[in-house]
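Report on the structure given below.
A, B and C label the chains in the order they appear, each numbered from 1.
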Amino acid sequence: MIGLEELVVRTYNVFFGASVLFLVAVGLNIIYGVMKIVNLAHPSLFMFGSYTVAGLIMSAVVNVFGSSIAPLLLLPPIFAAIVVVIVSLALYPFFQFSSGKGDEVQLLITYGLLLIFEDIFRLVWGSAPLRASQPFELAGIFRIGQYIVPLYNAYVIAFAFGVAVLLWYFLFKTKLGMVIRASSMDLEMASALGTDAKMVLLLTVALAGFLAGLGGGLFIPSTSAMLGMSVELLVLAFVVVVIGGLGSFFGSLIGALIVSFLRTITLIFIPELELALLYIVAFAVLLLKPEGLGGGRKW
Amino acid sequence: MEVLKLVELKKYFGGVRALDGVSLTLEEGESVMLIGPNGAGKTTLVNAVSGYLRVDGGKIIFMNQDLTDTKPTERVRKGIVRSFQLANNFDKLTVYENILVAVMAKKQQHLKFTKVVDNYKEEFEEAEQVLNLFDLGDKAHEYITNISYGDRKLLDAAIAFTLGPKLIMLDEPTSGVATSEKDAVMKKITDAIQRTKVASIIIEHDMDIVFRYGKRVVVLHQGKIIADGTVEQIRRDEEVRRLLLGGIYA
Amino acid sequence: MVERISRPLGDDLRSNIVLTLALALAYPLVYYLSPGLGLVMGYGMTWVSALLGFNLLFGYGGLLSFGHALFLGLGAYTAGFLYKYLGINNIELHILGSVLSSLGIAALIGPLVVRYTKIFFAILMLAIAQVFWSLYYKFFWITGGTDGIKLPRFTIMGIPLEGLDFATYHHIYFYYVTALTLLLTYFMWRLVNSPFGLALRATRDNEVRSRFIGIDVYKMRLYAFVISAVYAGITGALAVNHQRLVTPDIAYWTTSGKVVFATLIGGSKLFIGPVIGSFVFHLVESFAMRFIYWQLIMGALVIIIIMFVPGGITQILKTPFFGARLTRRAGG
């Protein structure tokens, strides 16, 4: 039987996994919400954040600040976010081309981007796993009974929670956020109301990129960046999106928690069937509640 | 014999009563023109009878059968067929293939894959007949994107006739059609209706067309039938005059 | 009197048969000049089936699958398991087995996935394929994991080919696959030109209108899905007999990407497109593979094709070879 201590540790892991998945899925949902594009290369942008931190930013930060913990925790995700925003904006013409065309056009173009990103990672950073574990090690560990738990993951959870709150505030309480949400309903209408449609789209792409870079930069110290992770994340993020509801902010939260919970459970009992069980659940949701468990709300 | 009998049909969209208890009976071979201001529920009625929308109340009786809860495909097979307000064809098929696929669907041959379509002589001839009937023969091998909007609307109606319906519902067959083409389109459609003796419901916006081609006219307003009679009766009806002729159609 | 249906070059049966026969005739010479290129042609011929199957869904049905590796993998592992656990290396039984396994799994998941179109269909297929890949990968005590299952030379109708030299063996493989491909091409051509094919294109163009002429869209898509799966499964069984090794790679998402890519290169809008695509793709791949960043090339080409030549090679060949009559029959 699972003891109390193990339960706490497992719960901790569920929240950590959910944080990462949320950070991937929320950007995917924002782009979809506004532009009606499923960006298959979005997880690649997330990994771009991870790779830039592992391959460049982390060592630069360490060079400048040594081993003082605060900059090591804060700066890499922020720099990664900036880099990925720039990359995302550079990809804007492709999104613009895809938007409004047939679905296969956007799927194939973003798929092409995904392929290109995989090889850019290989080209620039090689095919060996890349680490940036300095803050992870500096943060140290704590004990829950017999279990040793990394403290850095708590930081990831707190950070993701903070991002979720700020994002909620931005989307639901600021004028700009409302413009973005209004645009998701009807871009023409929004532009008729005097919003510059192109600015909104650029802003959306930048926001999704920002979240991806932030997430990637935050996540990397706890793991190592490897080729193929983008697709793994895509496959998981898709379950999140299906379960939570496509294009929904709250859906990303709920979906991420559910997926992370299911993963943890299956990894304990039947690790081989992890993905299979996730997809059985995703199918069940699609069949029973096609609009997702986010309650079918738009955001 | 009654082809269609609608009993107290209701359809609500939130607080809007698109259909608010519509009862209507159509005899065999009877033609009805359905008119009314925008948002009166005309298209909703066609959507409800064809199965595009589920109704919130009431009954749809077709040839003495209750079809209220059946799927669109089943209604098509029973003989309820419709066209759409915006020309709704198969864009990447030729005009010919648009009709041919309807012939195949009518004969329930669309799941057959043992023979190449070229060998379906009878079906080809049937498609050919329809094309000639609607004067689309010379455009048979054009793609939809290359023909005029009037022809697309005509094709939409032709597809509906191909299915050999007992009740045909055409949603504004002349909307979006150039004024010069309108009469020609309507003439072909009314000819086809007379020849096939099919019961019909035609939604029409253009009152000139209604007065020229209409026999029985039903007026819908805010989800209710407010008048039902011959063209002459409707023309003289004060309320209809006020609503339609005096208002938007002045 | 209305003229009957006429098919542009590349969409008719004859040009497809002629192309396949021409490649079969050229093969010994190509192999003589460069055995490596001969092997590439072998892969090209092997993949025709999968691409025809993929394009039935994509070009004719409008359903874009990012997970056809699922069926290639099923065909491959069926062949692998038949040998590993039953000692069967008879290629007819491998093919039959792959037909049955891909048919079975497609019939199982089809009713779920064909309810969805566009994005959902595409990514659901990607995901299901990844699920199967993870199974092959993780149940290594059954599948051999990344080491895979090694296959001996196959037998044709029980006749062993062990004593032959490699060139002869490979020639036999090539012509065996060519014969099978001709047969499969013929069946597929019949299918897409049958009332079923016509109605499938109708559902692709306009789902709502299809319903309102009485076509059961769901059933059409389900049948197309299952047939598509069987064609891909056959390629799976053939491909592993070509390289004589079954590894999870054939079920990985990159394989699905190659299926999509090869079809796009050839062009999804004519029946002949995927056939041309299969050979051109493997030729490109054999050169690009020397350059390890070949996904970069593939990704860039996908984008360029979609943005500038959505009809693929058949679109480029249109004017000089196929003439002005080449219209957009299958695609648009």
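Basically, a contact is a pair of C-beta atoms (placed from the backbone, for glycine too) under 8 Å apart; a residue touches a chain by one contact, two chains touch by 3 or more.
Given the structure is predicted, the values throughout are model-derived calculations rather than measurements.
Counting steps between touching chains, the shortest path from subunit A to subunit B takes 2.
Taking the mean of all protein Cα atoms as the centre, the chain whose own Cα mean lies nearest is C. Measuring from the averaged C-alpha position of subunit A to that of subunit B gives a distance of 49 Å. Computed centre separation for the pair subunit B/subunit C is 43 angstrom, with centres defined by C-alpha atoms. Rounded to whole angstrom, the centroid-to-centroid distance between subunit A and subunit C, based on C-alpha atoms, equals 34 Å.
By the touch criterion stated above, subunit C contacts subunit B in their complex at residues 1-6, 190-191, 193-199, 201-202, 204-206, 208-216, 219-220, 223, 327-328, 331-332. Those residues of subunit B that touch subunit C in the shared complex are 50, 52, 72-73, 76-77, 81-82, 84, 88-93, 96-97, 100-102, 104-106, 108-118, 120, 124, 127-128, 131-132, 137, 140-141, 143, 159, 163. By the touch rule above, subunit A contacts subunit C in their complex via residues 38, 40, 94, 97, 103-105, 107-109, 111-120, 122-123, 231, 234-235, 238-239, 242, 271-276, 279, 282-283, 286-287. Residues 58, 62, 64, 66, 112, 115-120, 122-123, 126-128, 130-131, 134-135, 138-139, 253, 257, 260, 264, 292-296, 298-303, 306-307 of subunit C touch subunit A in their complex.
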